[in-house]
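Presented sequentially are two complexes of subunit A, the first with subunit B as partner and the second with subunit C.
And now, the complex of A and B:
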């Protein structure tokens, strides 16, 4: 085994929660309102539910192949070469999502706080930190996120709570002013973010009670959806839908509006804390998944040798994937939902499931016993 | 274990480099903390934007004294002109020995000329610039914004503090309403609603005659008196009603009672006092205070005809009377109630008339219609300002005088 640590179902849920909420609440609200207008909150509530499908597929696969990560059982199901291709596809997927997350954080920092500092400073230091946490393993990441989640959630709740005096709930009316289609279309955006729950395909074997992972994942999805929905409601009721859709980082501007008696004010730096801490956990998880996947696909005995090369790749990607912030936003809004959902969150898991079923039903292969032999 | 500690130490030491702020190092000693920004438009120029920054003096306390016209107290003014707001700030920076730091700015004062020309550049600047805060208050100056910041402070340490004080006091009179910039933006971008904010001006003391102090010599009037010492007629800041917009352009300014009428319509009156006719001697005035009020606007659509019904309930106290009549009987209070209701209705109608004249729906009738009858609103959404002007608005006011202060009826004065 490459990973000796074990994490509890609760930690699993927290990790899944962090991988989704960390970025979705920063970028998604303005994109969702851009499409769905004042019904954005409905899209924010609906979209994440999609992740439950991914969760069901993956936990089913995990139960069929206990103790194996997606990189391993894809090989078991599809055979050596095809399986390795799928495993490497996922390694790329995790790396890609990780790089995007790092890039988002870098762009946020250079836009909002330190415009003269090169983005590479933020990206590289973030990746360095993440590389370290990947080296020490999943258990440490999970324990760390147990602390960070308190920080992130309480700060987010503070921001939402203190902004309550500015909320004009009537701005949510009338419902369905643009019809139902835009809502469904906008729901794809949070769906793409919540599909990140796919990391459970990698960490499931390390959960102490894998049967509980489904519940943990569902809780994570619901919690994240609830927080996102409240956030979207807050933004639409404070700014109106037209204005929120024009913002790049709506949460930052949202925090700026907090002003209670000129004492409780200036929450922007809190936003930075949430953002950085969240991105750190998220990137660590994805980086870890990519590293473990590569090590398993290459039959290495340790994860360590691939961590630094992957880190360098991650750093390069985080800079060179997008030329500018508009490319990033356009990609996140127009391309990524379709690409990630069709390939990673639905396509490949469905492929694996159907091949498993075909081999079981038609060829009589029995899965789940190879682990004992190996 | 040992090399882990080593790694940790290295990483922590390494992070110290970043703790300094990298390329964005900003030490407090090198910052010019801006407390207010005034933006004016100079028509017909190639570089039309005039930006005036009120910068907090680093050693603000104990620096009173001789400064010329430049707002002598705790803030000092810098101005620049440019083709855009940012360029104008750049030009102002040529005079400032420190780095301009906008994060602590919470006042944006816009000159009338710019407001009429369109606020879009200001709003773009405020939203786009990460240092500008969306909770800053937006004010429209009746003249130029620079002139407002140029006014000498009277009570507080600086002119910016004075403006803050005035804004805080606005709810005591309910004659205008300051708006943070995010709410202004929200109203501006929501269909069926227009934005408004405080209008501010500079004025001498009411009924203060300049000739009294300067006595002889016609030059003492107004302009010439700037440099001369002695008792000159001093201008001071004054809240001046409500600046209402159509889109991002200033449509007009509601005066005090029109502005309160607008607040009645929107249900946002807080406190304040108002006059009504004395029920016994109509030529005399009774003064009534406002304590609590509630407004309900009901849109209705009947056969494609849109109308609104506004119901106001206002509570208040009797705070003074100029006749000696006994107003403390239930019958008299009843008459006072209707006198007050009448006065409120007049204010509301005045506001409505002005809004119609300016074609700007600052109350948000359109938004209310959209909430209740989205279909009806969708038909007229594109030409809402023109439509709104013709819609009938029924106003019903109920007023209650609850208390009469510390005395019930005036004591009879004997000869």
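And now, the complex of A and C:
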């Protein structure tokens, strides 16, 4: 076994929550409002529900192949070479998402806080931290996320609560001013983010009670959907839909509006700090999944040897994937939803499931033991 | 080639001596001595003198029994024994008329051992040592050895008595309420302090010995039916693996058995307070008591144990809970207040309200250094002051703190070297460091403050969060004897969480900590609180008034 640690269902839920909320709340609101206008909150509420499909597919596969990660059972289902191809595709996918997350944090830092500092400083330091946590293992990442989740959620709720005086709920009216189609289209953006729940395909075998993982994942999806929806409502009601769609990081400006008795003002630096911690957990999870996947695809005995090469790859990707923050946003809005959903969140799981079913029903192959459920 | 050859030759020459030295260390009785050990008293005494040298404190007294049948010798270390006990209860009975009257015809060298042990000497604790080496070992811990001519075995009487410090209030862990008894340097006194608090048959005190030259006694204390047997086995294994020649303080043991010795955070708690130690045992943890030190080790521990004080459990729960929250806050201040200040002053000035920013800027006007340098300077200065205060005698210490704190602080502000706001920040941080109950945890915070200040000076709050995440990764990976170091927060149950960050009423805490994996988690049956009793009390008072009435009539 490459990973000896075990994590509890609660920790699993928290990890899944962190992988989505950490970046979605920062980037998605302006994109969603750009498409759906003042109905953005509806898109923010609907989009994440899509992740439940992915969750169901993956937990079904996990139950069929207990104790195996997606990298392993893809080989069991599709045979050695095709299976390894799928595993490596997923490794690439996790790396890609991780690199995007790092890039997001770096772009945020350079555009909002330290314009004179090269982005590589932020990206490399973040990846260095993540590499260390990946070395230490999944259990440690889970423990850290338990700590950081408290900070992230409490600070998000804090800024939402103290922005309440600025809320102008009439900005939300009228409903469906642009019709239903833009809402559905916009829903794809949070859907792409919440599809990150795919990491459960990797961490499911390490959960102490795998049967509870479905509940944990569902809770995570609902919790992050709720937080995102409230966030979007807050931003639209404070800035209006036009203005919030024109901002790059609406939450950042949102935090600036907070003023508590002229003592706590300009809260955004603290929000940035907390957000960096969130990004750290998210990147660590994806980095870990990529490293574990590569190690399993290459039949290594340890994860450690691949951590550093992947880190270098991650650093390079995080810088060279996008020219600047506009290309990043365009990619996230126009390309990524279709690419990730069709390939990673739906396409490949459905392929695996259908091949499993065909082999079971037609060729009578039996996969795994289904006895240890409960 | 010749060079290599000569080197080899040198090596060969050296080898036997090195070997000899090694053997000497491992086993202090050589083969030669083993052969010579004979039951004959004269030979034996000769051997003892040869082995122990001319140490004046070792007393060897030869005498014979009253009926002149048996030659004996008594052997003890002066200063470690109660001499009156030896005179009155070992030597006198053997030499007195008592022997003549009762055993004159019977006491011979053949039966002397049994007769002396069972009938003649009158000391409660007697043991037999199989050979001389064993006897000498025991003699050095304050026992008295009685050698009998012609007898292989040696009688060992327990006559330990030496000058010991009395049980006093621990100076490092004072408390307003609660027991004032602290541990002392004498192991037996310490175990007695525990026994007095826990009068239960399952309190076990297991003896081990470590340190080849110091031969230090170590006692593992635990409650047999509560403590986790796996943890216990691990503690035993780690202590047995200690291979060193000296153990003078429990800190030695701490370093040898810690999970991650390189960590800056202590993974073992220590205390001087007897009540805290007893509470730890009752919680299912294990004590490691070491002779010659009042500091007792507690394992396993978690990071948040360091915000708990024993007093929390004696005062009202409301204030104890509030104090724990305060300590959590103080812990953060002690770790990162200077770093946050530096970050805000250097990078995020917009976070401050404008009037405050203006006053700080005005105060900083004319200060020649950047905030980082200022902070590092002041922090270093404070550490120097503190170190000087600890080392100096109490009377001078006062003067140093006045000169250091008041004079230098005031003068440096007037001279424009540092800004007053920086002095405030450093002072608040210093006070926060002292407000934490655990000294060894605050050491870690003190040290980590410096890298955080540097990071904050380089990259503002981003640098700070970078540093904090490094610490967090480290902490999350730590374990103390199988228990995660961030225990109630990570991997913890709601029960543990409540008991760590708040202090619930005693009658509400019916379960022990879940993280320790104890055999017996139940502390008491359900809710036995006062809220269940008022009805009964009412009846009682009612009856009383009736009786009173009857008496009046």
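In the analysis below, the second predicted complex is superposed on the first by the 368 of 374 C-alpha atoms of A that agree within 3 Å, B and C clash if a C-alpha of one lies under 4 Å from a C-alpha of the other, contacts with A are read in each partner's own complex, and residues count from 1 in each chain.
Throughout what follows, a contact is a pair of C-beta atoms (placed from the backbone, for glycine too) under 8 Å apart; a residue touches a chain by one contact, two chains touch by 3 or more.
All of these numbers come straight from a predicted model, not from anything done at the bench.
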Task = Classify the contacts of A:298 with the two partner chains as first (subunit B alone), second (subunit C alone), both, or neither.
result = neither
Request  = Pick one for A:265: touches subunit B only (first), subunit C only (second), both, or neither.
outcome  = both
Query = In the superposed arrangement, which partner chain does A:280 touch: subunit B (first), subunit C (second), both, or neither?
reply = second
Task = Check whether A:111 is in contact with subunit B, with subunit C, with both or with neither, and answer first, second, both or neither.
result = first
Inquiry  = Quick check for you: in the superposed arrangement, does A:240 touch first (subunit B), second (subunit C), both or neither?
reply    = first
Message = Let me test your reading of the model: by the given contact rule, A:125 touches which partner, first (subunit B), second (subunit C), both or neither?
response = both
Ask   = When the two structures are overlaid on chain A, which partner does A:147 contact: first (subunit B), second (subunit C), both, or neither?
value = second
Query = Of the partners subunit B and subunit C, which touch A:133 in the superposed model: first, second, both, neither?
reply = second
Key: Overlap of subunit C and subunit B interfaces on subunit A (superposed complexes)   = 113-114, 117, 121, 125, 129, 132, 265-266
Key: Parts of subunit B lying in touch with subunit A, wherever the complex brings them together   = 7, 11, 15, 18, 21-24, 127, 130, 133-135, 180, 182-183, 185-187, 189-190, 367, 370-371, 374
Request  = Can you check the complex and tell me which residues of subunit A touch subunit B?
outcome  = 111-118, 121, 125, 128-129, 132, 166, 170-171, 173-174, 177, 238-240, 242-243, 246-247, 252-253, 256-259, 265-266
Ask   = Which residues of subunit A touch subunit C in their complex?
value = 8, 11, 109, 113-114, 117, 121-122, 125, 129, 132-133, 136-137, 140-144, 146-148, 262-263, 265-267, 269-270, 272-273, 276-277, 280
Inquiry  = List the residues on subunit C that touch subunit A in their complex, please.
reply    = 344, 347-348, 350-351, 353, 459-462, 464-466, 468-470, 472-473, 476-477, 484, 486, 489-491
